[in-house]
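Presented sequentially are two complexes of subunit A, the first with subunit B as partner and the second with subunit C.
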Partner chain A sequence: MVEASSILNAVIIGLASGTIYGVMALSFVLLYRIARVVNIAVGDMVLLGAYLILFFAELHLVPNPVLNILVAALLASLLSVALALFTERALFKPLYGQPVLTLIMMTVALGLLLRGATIIGWGTTLRVFPNQNEIWPLHPLEIGPVKLPYVYVWSITGALLIFGAFLYIFRKTIFGIAMRAVSLDPEVAAAHGITISKMYIYSWIIAYVAAVLSGLILGAINGINIIISDLGLSRALPAALIGGIDSPSGALLGGLILGLIEHTLGTYLNIYLPGIRDVIPYLVLLVVLIIKPYGLFGTVRIERV
Partner chain B sequence: MSGLPILEVKDVSLRFGGVVALRSVSLSVNKGEILAIVGPNGSGKTSLLNCICGFYKPQSGRIFFKGVDITRMPIHKRMEMGLGRTLQTPYVFPGTVYENIMVGYVVRNGGIFRNLTYGAVEEARRRAEELIDFVELEPYRDAIATELPMGLRKRVELARVLMWDPEVIMLDEPASGLSLDERRDMARFILELNEVWGKTIILIEHEMNMVKDLAHRIIVMDSGRKIAEGLFKEITRDARVLAAYLGE
Partner chain C sequence: MFISPKLTRDAMPGNFLILNNVEVTFDPFILVIKGVSMEVEKGSIVALLGANGMGKSTILKAISGVIRLERGRVTKGYIEFNGRRIENMMPDAVARLGITYVHEGRHVFEELTVEEDILSGLYGRRKMDPKDALEFVYNYFPRLKERRKIRSGYLSGGEQQMLVIARALISQPDVLLLDEPSLGLFPSVINEIFDIVKKINEYEGLTVILAEQNVKKALEIADYGYVVEGGKIVLDGTPEKLMNNPDVQDYYLGIGRAGRISYQDVKSYKRRKRWIS
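And then the complex of A and B:
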């Protein structure tokens, strides 16, 4: 029999890990919504992010390990802005107007490129962030009966900050309104004064930064290794689709649902059926898509026939 | 009423593969006038507007706006210079009427950091409020624009274009799909824009009564050519115009 407190613990940890799935899903959703790019490379962007943060952290620019990892995350984010510019200008700009499949193939290529780069740069052995145990103490944070590892505290805080900032921008600023306007019909939006190419660049930048920062959390939880790439994609994609592929707040919800089911039902069933935990996200996705083909918050498309 | 040419189209030709949409069309639009472009379906009216606003790049010919050659200029630059246009099917995105109008603010205030501030939203909101009054959308300001009927969407789009205060406004069939009352309202807005606000207006319209009442000058197009130009009573007597409309 499972104890009540351990169920509660699983629920909390599930939701906590769901926040990071949400951030990765946001990266995916945003690119689709603004630039109509189905980004299969999202996991590889997360992987690269983890390695970039590792790289900057190992320079030990600041003596305090916590500050050091934060500075490293900041530097990695800045570098990812440059990467976003390169990706958009060099790889995707020539392809706009091409069929969706062409863009998808380019993201597959981008993913392999990024993954290859990390193998060349850092090899395939499992790495951890320097002084990891000082940054995230082994002893979990205890709130009543709940034992929450510190890395999840970071995950929750980080995700709240990222989503808070993003939703504020998306809903409350002129910039956000312009981003929403462009997603419907880029060409026509341009006739209303919105510079599409700029909007595409910005969406790539936000998508990269969100993915890179997710790398910090996934790297801290699982260690830094090529496996992060698959883990990233296999969580971001279902989370995004569950929430509705073009809904940013749906991405967060999708992530939370996914994390919750994975850590409760998934963990429980895994005792009887080892390996089921990794399949669970896709089972959830299947059920959601059968009931609501556009996801929970997605835009329902009505097309003339 | 009319002054110097503000917009000039010189020998513009446009082809899509083997289909010729525009054959060496020339025209000039004077500052402060309402110029109507009429013609049967497929005569090239909308293609011409699309060349002027930048959706299409003509294969030959030049377009000058305020003396500057804009033929190859990106769309948003043209809007910044003071062009504006509405579409036959109005473009609204799933946000409130307010947001749909406010987005026009970015045309002349494109800076990303400025557009992340509260100040920018406030300024856009103030301006949008004035325009909502002008197009009489007060009861709908918080309605979702994509759920509004055609007549109101056209007003939303018009207000959005006015956000950047363009000197020349191109209206692509502003009265199509509108009820009689809505047409009268739209005609009133166009007249006020021209007479009170001093806007130059290029109007594409099928509704001949509206053209007769509003336009200072009319250009008739057929099969991608300009076939006549003049006052309403002049063009209605023109043999080529009658042929284009009634058949040989």
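And then the complex of A and C:
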């Protein structure tokens, strides 16, 4: 018999890890929504992010370990802005107007490029962030019967900040409205003074920053090596599709649902069927797509005659 | 050949938008506009008249730069706005200069609310507080204010046409390029929309170039008209002159000698005009 408190714990941990899936899914969803890019490289962007944060953290720019990792994350995010510019200008700008499949192939190439860069730069042995145990104490945070590792406290806080800021900008500001306008009808948006390619650059920047920051959490939970790449893609993609592929708030919900099922049902079934946990995201995805082809929050096009 | 922008402007005082012998070519080598010249006076309404496929939209898209998104270019001649050459500029840059093109066919941003849709026209071009800007356009389109929380895809055709004009208006452009606002609308709705356009023109000093098949309605509010055929201007003049022209009466208003026109007549008319020009 499974204890009630351990179920509650699994639920909380599931939701907590779901927040980070949500952030990775946001990275995927935004690129699809604005630039119509199906970004297969999302996991590799997370991987690179983890290594970039590792790189800056190992410089020990600030003595306090917590501040040090935050500064490292900030610097990695800034660097990823440059990467976003390079990715859009050099790799994707020449391809706009090409079929979707061409763009997908380019993201596959981008993924290999980023992954290759991390292997050349850091090898494949498992690494951890410096002073990891001081940043995220081994002893979990105890709230009543729930034991929540500190990494998840970071993950929840980070995800709330990222989604809060993003959704505010996307929904309430004229910039966000302009972004959505480009996603709906680029030609009309351009006639109203909105520069399409700039909006593509902005969505690459947001996608990169979200992925890089996810790298901090995934790296802290799993250690840093090539595994993060597969882990990132295999969670971001189903979470994005469950949420409806073009819906940012759907991405968060998709992530939460995925994390929840993975850590409850997945953990339980894994006792009997070792390995099933990693298949669960795709099983959930299948079920959702069969019931609701647009995902849970996907845009159902207005058809009015 | 070098043409001094200053010289041409001085040569035609009062004209702040000039098209000089403009040719537009689409990839691969499709020549659609074959040497069009126009002079648009500040604060006037100019009508571009003509049947389907004659090139009205393409002229507006050439001015606004929208042809650049359709693999088109101005390959000859020039377009000048406020003494500045603008042919072949990208549409977003032209829009920031104060020229806004409103696509034919009521392209609303379906998933946005009416208010968001209007506000999208303000991005990068805000001259005043968004709230004031909204009030400014709601003044002309009170119906949109009532519907402001509805998704624009759910509006009626007439309301959608109002919406796209309001979206263009909110940035307070100098020139509005309005492409077939009457398309598929009920006569009373057309009247309402044309009245509003005229009002905006009078109160705001907005210059309007109006592409229309509805010749009668367009000439009612226009100060000057051009008839476009096969990518050329075949006739131009004041509304009175055009309305009294027997060819226009015959083939566009259907009230002249021929009464109802047959396809054969139109074809020979076109052929004749092409030979003349």
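Before moving on, here are some points about what is shown:
Going forward, the second predicted complex is superposed on the first by the 300 of 305 C-alpha atoms of A that agree within 3 Å, B and C clash if a C-alpha of one lies under 4 Å from a C-alpha of the other, contacts with A are read in each partner's own complex, and residues count from 1 in each chain.
In the analysis below, a contact is a pair of C-beta atoms (placed from the backbone, for glycine too) under 8 Å apart; a residue touches a chain by one contact, two chains touch by 3 or more.
This is a predicted model, so every value here is computed, not measured.
Once the complexes are laid over each other on subunit A, subunit B and subunit C cannot both fit and instead clash.
With both structures placed on the common chain, the touch criterion links A:169 to subunit B but leaves subunit C unconnected.
Once the two complexes are laid over each other on the shared chain, residue contacts for A:202 go to subunit B alone; subunit C is not touched. In the superposition on chain A, contact is made by A:178 with both subunit B and subunit C. Once the two complexes are overlaid on the shared chain, A:194 sits against subunit B and subunit C alike. Residues 174-175, 177-178, 180-181, 184-185, 187-195, 299 of subunit A are contacted both by subunit B in one complex and by subunit C in the other. Subunit C contributes residues 64, 66, 69, 90-92, 95-96, 100-103, 107, 109-112, 116-117, 119-126, 130, 151, 153-154, 167-168, 171 to its touches with subunit A in the complex. Every residue of subunit A that touches subunit C in the complex is listed here, in rising order: 174-175, 177-178, 180-181, 184-196, 299, 301-302, 304. Listed in rising order, the residues of subunit A touching subunit B in the complex are 169, 172-175, 177-178, 180-181, 183-185, 187-195, 198, 202, 299. If you check the complex, the residues on subunit B that touch subunit A are 53-55, 74-76, 79-80, 85, 87, 91, 93-95, 99-100, 102-107, 109-110, 112, 115-117, 120-121, 124, 157, 160-161, 164.
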